[in-house]
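Each chain carries a letter (A, B, C and D) given by its place in the written order, and its residues are counted from 1.
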Amino acid sequence: MKKHKVQTGWKKKIHEIIYEADTPSGKVFDIMLFVLIVISVILVMLESIEEVDQNYHQTLLTLEWVVTIFFTLEYIARLVSIKKPWKYALSFYGIIDFVSTIPLYLSYILAGSQVLLAVRAFRLLRIFRILKLVKFIGEASQLQAAMRASRTKIAVFIYVVLILSVILGTLMYLIESDEAGFTSIPRSIYWTIVTLTTVGYGDIAPQTDLGQFFATIIMILGYGIIAVPTGIVTVEFSKQNREKNNQHDIVHLNTQACTNCSAEGHRDDASHCYNCGHPL
Amino acid sequence: MKKHKVQTGWKKKIHEIIYEADTPSGKVFDIMLFVLIVISVILVMLESIEEVDQNYHQTLLTLEWVVTIFFTLEYIARLVSIKKPWKYALSFYGIIDFVSTIPLYLSYILAGSQVLLAVRAFRLLRIFRILKLVKFIGEASQLQAAMRASRTKIAVFIYVVLILSVILGTLMYLIESDEAGFTSIPRSIYWTIVTLTTVGYGDIAPQTDLGQFFATIIMILGYGIIAVPTGIVTVEFSKQNREKNNQHDIVHLNTQACTNCSAEGHRDDASHCYNCGHPL
Amino acid sequence: MKKHKVQTGWKKKIHEIIYEADTPSGKVFDIMLFVLIVISVILVMLESIEEVDQNYHQTLLTLEWVVTIFFTLEYIARLVSIKKPWKYALSFYGIIDFVSTIPLYLSYILAGSQVLLAVRAFRLLRIFRILKLVKFIGEASQLQAAMRASRTKIAVFIYVVLILSVILGTLMYLIESDEAGFTSIPRSIYWTIVTLTTVGYGDIAPQTDLGQFFATIIMILGYGIIAVPTGIVTVEFSKQNREKNNQHDIVHLNTQACTNCSAEGHRDDASHCYNCGHPL
Amino acid sequence: MKKHKVQTGWKKKIHEIIYEADTPSGKVFDIMLFVLIVISVILVMLESIEEVDQNYHQTLLTLEWVVTIFFTLEYIARLVSIKKPWKYALSFYGIIDFVSTIPLYLSYILAGSQVLLAVRAFRLLRIFRILKLVKFIGEASQLQAAMRASRTKIAVFIYVVLILSVILGTLMYLIESDEAGFTSIPRSIYWTIVTLTTVGYGDIAPQTDLGQFFATIIMILGYGIIAVPTGIVTVEFSKQNREKNNQHDIVHLNTQACTNCSAEGHRDDASHCYNCGHPL
């Protein structure tokens, strides 16, 4: 069914492996990628623990080189196997692939630099690519659709919560003394959000009777308004669910990417790219 | 459609700018107002941070004067451009506009007064006007309607929670000693609400075995009853939603057919037919 | 419509005032009762605050006498105006009325006794009578019905949560040291419930890496299972709601009590008691 | 209806008592089992409290022997009364029954060993058998079905939450200093999950302004995404509910176990095992 007449054989092969999850080699590649990203993330974490870094520095560095070389090769492969390399290089995932690959190289150029710590953390950005892999799980798209549909409502909700927090936080600043931790309005607002969201660290806590009375009102308010985003999302989910049940012809989208413009989300029965008309 | 025959030209113009959000100049005014309110709120916050206030006192004061002068002019403009100025002056937003504008002037009259801190905080009331602007976001009205419909039910719920808190708080006061922070019944009730709402500061925490056992029951209770407001609001939302769906016909599907092969069911953002590659 | 032929005039009058909320005098009585209970509850609270009790002891005692005398008179009135006084005296609210009235009298008999503190707290039981007044708010019965319908499901849920807490708590006891506060299995279970319900005091918190990793799992678990009671209650509410919409003949119950057997919840159009057949 | 021709009388009798909850003796056995498991669990807990263990060591040990002997006898009875003892012995509950029975015997073999503490905790595994008894409560199966149906969606949700936590935790590690408790990336991720799930111990809390600002965003995020699992579960519940209402022929399953293969969950009207065809 698939016809890639335009590309040469090996480029086509690489494209199939990297960009498509339907072929056996594509699946193996995706799983390998997933494992390497997880290893890479664990390496960054372990490096941040002082004792581990001191005792196993060399091992961690070696493993980091292995991972980095793989990601470098993958980045190059992605560039050469696609028709419009610049489009990929400047896309969201293209930039993430690049930025998360270079830190180890940079560490030799910027050796000893203070900025290095933050740069090394960039390797963690690879985790976003795992997030991309999540779409292969069927249910994710439904969750995403529900979240997207309730976006505006949740924005309005957060907007109101923030305004409430500013007003209540200022009130608490006027009521409570500096000793209890309410040293400035921004800090009081921080406390209000800690309370309203029912997190409640306790690093700042009201000491006076009036402050505690007021805090009580904020808590009950927070307890009540947590119902709002839940209500919004639940209704969206149930709507999605009903639509899915009513809809008898569900169009399945596959994971194939166009070799010409790398657009994704084609219909399973599509033989041409919906974006550029190129044969798939 | 709107006819302001009675008013003179410039009054009509001002009225259009200030009170209407449909005209281009009205929109610009609303956005400017929004930005100025946000700046004003940030200024009040920054003043409350001691270091910032000491180092940038003059800058903050200058900016505050700029904002105050704008709000003064706006207040006057609102009064002159309306037919019944007293009605506006005595309305909720009229009072907020007035009270939030005068603090800087008052600070020269009441100079050195202790009451000044609270008075300066009045400027924060301007934030309520942002709350008013929220209505321009379409979704807000639906949220508001759902909240209004579930008002009585939530009041009953809070009423029961409060009575529960008094009873459980008194019990904890009898069980726990003063050392653990349960120094009086009101303070024990404060702790009960902190626990019931799952905030949990930890400034007061049960020390005895019986107290901890009892706290456990309160927590599980709190965990259970958080379901009640959520249930109430969700049902209201879904009712609102169903009503909205019955009223209007929302078209979800792209009904376009390919001019070449007449295939249907194209993606909304498709520019070419998925079947034959013909441009749509 | 109401015929109280059997009772003498003044008894009938008292019965109407105390037991019925439909007549104007009955409404006034209920509101007065509500206010007195709230005052009584506040008095108990204020007494528990040491400074307040020391400075205003005499005022509080005087007010407490006023409230106690009212409740004593009310209790006697309830007894004499009803046909079967023992039935009332031994009912749930009859016992609460009695137990919450006597503490002040007992304080003179048991003067200086240690047991007095607990006895004085009994006055707080009057708050249950406020809970009874909540039924006059129409929405309460719907909430109650939903809660009753989801009772078994929530019991199963709490049962599973408790078993989970025992298992996870024991595991944390084995993982964490005594220093972090995990001194015994019951205390570890206490911590697990504090975490699972997202209360999180912080009086006990894991210190080791393994303990913190494990705590993370418990938290995410708790975050997930909070959805269960919410789901249960929401579905019940929405069921109640649908039934209410479908049901065209709602039987309204009034607040009148039978003068013979004090049964409540008669149909609005009832002319005889459903319990004993006595004319209403 | 039940025909156990194959087994001898006493084995059949034991099988009925142990494996079936429908007969009176079976019910008595289940209740006795429940009580003994609860006692056993409480014994393990009490032993872990130092003061209790020192003062009542002998009493606890005696009671533990009583419980252990009962469970030993029960284990043997289960083995002899079933046709395929190895199948039971290697099943999940068979292993739990075995492992939770032996610790007391092991304590004499491994006397004085450090490993003993953990081994003694194995007795707590008996609690899983209580979990098994929960199925006798009718509502449990519906809850279970809803949980199973929403399993994938919740897995996707937890996956996204974990990735979010890694990214946000790393960011907080870069923002906050070591003094505030953000000593490594894993610890920062721990803090992020503590915050995101609204637990909020307060053992680690941001100190800098930027850190507190960022924490605020995480809290509001956590407040919002708690809606997702709730929405998922609620929709599943309501689906289950609707299906139950639509379904007129509900097949009731009884608690009887096959004497041949110990398969459970037979239809109430079944006369042969659905698994091996053996007559019930």
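Methods note: a contact is a pair of C-beta atoms (placed from the backbone, for glycine too) under 8 Å apart; a residue touches a chain by one contact, two chains touch by 3 or more.
Note that the structure is predicted; figures quoted are calculated from it, not measured.
The interface formed by B-C recurs in A-B: of the pairs listed in A-C, A-B or B-D, only this one shares over half of its residue-numbered contact pairs with it. Among the other chains, the CA centroid farthest from that of chain A is the one of C. Distance between chain centres (mean CA atoms), chain A to chain C: 46 Å.
The distance from the centre of chain A to the centre of chain B, with each centre set as the mean of the Cα atoms, comes to 28 Å. One inter-chain figure worth recording: chain A and chain D are separated by 33 Å, centre to centre, where each centre is the mean of the chain's CA atoms.
Multi-chain contact residues of chain D, defined as those touching 2 or more other chains: 157, 186, 189, 198-202, 226, 230-232, 234, 238. If you check the complex, the residues on chain B that touch chain A are 41, 44-45, 48-50, 117-118, 121, 124, 127-128, 130-131, 134, 137-140, 142-143, 146-147, 154, 157-158, 161-162, 186-187, 189-190, 193-194, 196-203, 226, 229-234, 236-238, 241, 252, 265-267, 270-279. Residues 152-153, 155-157, 159-160, 163, 166-167, 170, 173-174, 183-186, 189, 195, 198-202, 205, 209, 212-213, 215-216, 219-220, 222-224, 226-228, 230-232, 234-235, 238-239 of chain B are the ones that touch chain C when the two sit in their complex. Those residues of chain A lying in contact with chain C across their complex are 198-202, 230, 234.
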